[in-house]
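Heads up, there are several structures right after this.
In the two complexes that follow, chain A is the common piece, with chain B as its partner first and chain C second.
Here is the complex of A and B:
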């Protein structure tokens, strides 16, 4: 490609991507700086003065610090479910890849089913109520684990296939118990795919809206995605506050994007191609 | 304790009574199997029964296939069914076309390649509800930025979300905006994996860049195409959060999908009907995706 054409095409692409992909984000950011009156115009204009701080203060303190509670809830939910997910999925991926039994076909079928079948909502609520986990944060954690397992297992199994079996055998000969073989020898070697898993699943759980909507009702339990939904009616005329809320809950994914872009892209493409 | 004695004595004397333990213990499946079995498989199986009942969580009356009959009789429920398929076809089709074009562009020697890849991919990570609310504001027929921008160009913008004929497609467009980054990234991985020799040989034969695309890139990134289609098709059939954030299925029932019907019937207390919706969605996915997967994979084997 010639020099001129390359830069001409680049310039067009940058301009188009700017209009299509950056303007919506610029709109969000500009609106967070505006006061209520100016934000009600909903136009793409420079804010008259800086109201960012007062907007943040109002969004965070409104409804009894609900956004703060929600951030705490979402953090607990994300950290706990991703921790369990990583450990349990790695254990399954390890044994599934190493040991060939007649159940492997069934297990693989169940994994694929989990990727495709939409969860049965009301029966799940009925079941959660039966075991006393409905509307509880720990119930929600287990739900996220259940729904995330198939994807994580697929990622782990593919990676474990690249680790030589001789390693397990050497550890066994040295007298390690199966438990130690996995947790002391194999699991540390899985670190790259563990990072990928953590990053991809954290974003998925943190951004999950549908499942907390069904299984975690009530303001005390709200997650950050639900605050947006709850505030949507309340802030109907206060676009500055609504968009400040959107901007605040976009910060964690933005940080993930800045620091783990490579892992997240690797994870999503690898998992996708295998799935 | 048995484990302790094994490690203690195994190195000294080989005990014939002790079977060699597998280093890959079956109980490693247990935690995952319990959580997955109880919280996912059990409700899925139970849904098959409850979809045949009138149900209020405390008592259920068996009514046979009435719920499903209702799904095929009530116009607004049929509408949801049809909309779901349209939505899945439109979003996955656009994601394939745009994702491939963007990926070709972003693997060429274009300036600011890294920046463009990031910009296209970032919306994938942003909250769907946040995106939905933002675009609801941008798509407002008179005060929205999109129509104001179009007015500057002398075009009268349509009523994106208030026109019943357009609402579903407007939501689908936003879905594509948010999801095309993932399709692009998958295609980039596919294109990068194509050996450079093919392009080298084509260059010697004097192929144009369009011929390169048509005869090398397109056939050889077929696995990526299969992945993008299947992934976005399933995602499209299951979609709920974006539709709920933008139109709540409205205006009227114009943009209802099966997933939003499930939620509405759940809210209204028709648990049996809601569960039947779940089973319908499950059947829809099975009926459409399984043959699609087989078709796409079979053709791949032929080449």
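Here is the complex of A and C:
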């Protein structure tokens, strides 16, 4: 009896999260096996016949293998912008937290403004055109970094506040220069919050739809989220192909998470007792 | 780790980042490259690909890349943004009529008035891609559409019904269908835009009674609530709801459900634009012969005709990289070969607006039912949104209310007049 009393809440939670997460996923997987006609019903039913392979083939080869280009682009975009985000946000967070100057208030205001004020599309494009980065992946990476930076800085700054100042001072007395203090002493200690940043920002950048739509025109620049529009329109949608596409672009991040799950969780808990 | 190896690692990391970003961009040698922006969707892409293929076969030195964009209001934003930032594709497809006026054609688009192929484009289309300064800036892309009512031929045969010419006949048919235990009228308010059809497709009947309605409406003199002919559209919607003719799930059903129901005989009538024929052909090819079409019936049989929606236009922005090549492509689309390529790829969904274009003999019944309205002696006229720049943005919400029985017809019409007034004031029209 005490077993039931102790664990019933946990069991309910697991059941609820199973329903919330697994049922939609099952719906996606079932739909990828259906043909156009059955998928248009959009019901939770067993597929008649196996159309998975023909669906995958059509999704991958559509628009001259656009999905492959999109995967390459999205991978570059996500990896590059998250790398830059982590380095820059950690640096800014470190300086902002350690060095008190009269500009701190202004800088903090600017960071908050970056979070609160929605970015305007047309002036951004105008600026990008001026420096020759419009419609290029480099420019898109910089935009993702700029949009993600305020949130990451706030995360880092709060975490750096928990690292004792004595560590920096000890390093400086031992002869470390500013870069050494940051890269060899502070950055390794930031691993837990870095993991959080990597996970949150990768998901945001990989799933970004509107920004690539406006800032990255052209087929050669397509990202995975934009390929969804190959099968969906205002008046006609091929649900079997749409869901196959969704499944294909959901699986890589899912695999990454499954494989690195151990490291992510280990990183979070290891950091928690350090410092 | 030593200092130098750390430096090297950092350098490698940044070099790697640069190298990854440099992977993009493929160079084509010595041919002219154009881009062509179209709304997404499998059917539209197939037509564009066929057009480009036929065009490239005739012009081997020109290479056209198709880009897609979302439809709806997201697409409107994108088109306006790309025009405003001079980053528009070399040729693009976009709505004609009031949405065409909203992208400021005189400022952004190339003047196509004096192109030789304009001689073969029908005047009714030219009128909807003419900028305020009187210049024609587009070419027809796609077939004309009718707004009316799809019906299931199997149900009509089974119950021995005939195509109604007047509203009274239509309602009588509906009663018989309802008595036979079937759904008489399909409504799909899950996609709210589908709710407007009874009102919008009634416009031919309005103009037949009151030919000056559009100009008086633009001038702010005629109103939906006070003009008896115009009010009929709202009243028809209310009548069908009050008679209990709708499918049970009319509030949640979607456009796709509506097509399936009318094709498979789960319902008898579905008010819709005829572009749906292509969608039925794609999703339910074996039931396509079951679906017929008629114009929305009016109160008098001899005044009945079809309300016509003009197809999209093809436009060239001022910023095009190669104007001559872009004009060549537009000329190709507006030629007889262009129509044939469109029919090959997407099937025929209605008559084309280029003289000399013909439809194949084996068109689906929903298309052949539409042709008499365009033949000599047939009656058709453009929808109100092509005759007047004002279309209130809230019409679909209002028609959902009227169609769901929440708001009476007269009340809905008055509310719509108010919605229209706001838009006319935004456009700065005189008389409001």
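The criterion applied here is as follows: the second predicted complex is superposed on the first by the 218 of 275 C-alpha atoms of A that agree within 3 Å, B and C clash if a C-alpha of one lies under 4 Å from a C-alpha of the other, contacts with A are read in each partner's own complex, and residues count from 1 in each chain.
Here is the rule we go by: a residue touches a chain if its C-beta (ideal position, glycine included) is under 8 Å from a C-beta of that chain, and two chains touch if they have at least 3 such contacts.
The structure displayed is predicted, hence computed values, not measured ones.
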{"item": "Which of chain B and chain C A:61 touches, first, second, both or neither", "value": "neither"}
{"item": "Partner chain in contact with A:145 - chain B first, chain C second, else both or neither", "value": "first"}
{"item": "First, second, both or neither for A:221, with chain B first and chain C second", "value": "second"}
{"item": "Residues of chain A touched, compared between chain B and chain C (which is higher)", "value": "B"}
{"item": "First (chain B), second (chain C), both or neither touched by A:229", "value": "both"}
{"item": "Contacts of A:134 with chain B and chain C, given as first, second, both or neither", "value": "second"}
{"item": "Chain B versus chain C as contact partner of A:126, first or second or both or neither", "value": "both"}
{"item": "Which of chain B and chain C A:9 touches, first, second, both or neither", "value": "first"}
{"item": "Touched partner set for A:37, first chain B, second chain C, both or neither", "value": "second"}
{"item": "First, second, both or neither for A:45, with chain B first and chain C second", "value": "neither"}
{"item": "Footprint overlap on chain A, where chain B in one structure and chain C in the other make contact", "value": "41-42, 84, 121-122, 125-126, 129, 213-214, 229, 232"}
{"item": "Complex contact set, residues of chain A against chain B", "value": "1, 6-7, 9-11, 13-14, 17-18, 20-24, 27-28, 41-44, 84, 87-89, 91-92, 94-96, 98-99, 107, 110, 114-129, 131, 142-143, 145-147, 149, 153, 168-169, 171-172, 175-179, 181-182, 203, 207, 209-210, 213-214, 224-225, 228-229, 232, 239, 242-243, 246, 249-250, 253-254, 256-257, 261, 264-265, 268-269, 272-273, 275"}
{"item": "For the chain C and chain A complex, residues of the former touching the latter", "value": "6, 13, 17, 20-21, 23-26, 35, 39-45, 65-72, 78, 81-82, 84-87, 89, 255-256, 260, 275-276, 278-279, 282-284"}
{"item": "Contact footprint of chain C on chain A as seen in their complex", "value": "36-37, 40-42, 63, 72-73, 76, 79-80, 83-84, 121-122, 125-126, 129, 134-138, 141, 183, 213-214, 217-221, 229-238, 241"}
{"item": "Interface residues, chain B side, partner chain A - complex", "value": "3, 6-7, 10-11, 21-26, 28-29, 31-33, 35-36, 38-44, 46-47, 50, 55, 57, 105, 108-112, 115-116, 118-131, 133-135, 137-138, 140, 143-145, 148, 177, 182, 185-186, 188-189, 223-224, 227, 230-231, 234, 238, 240-241, 245, 259, 262-263, 266, 271, 274-275, 278-279, 281-282, 285-286, 289"}
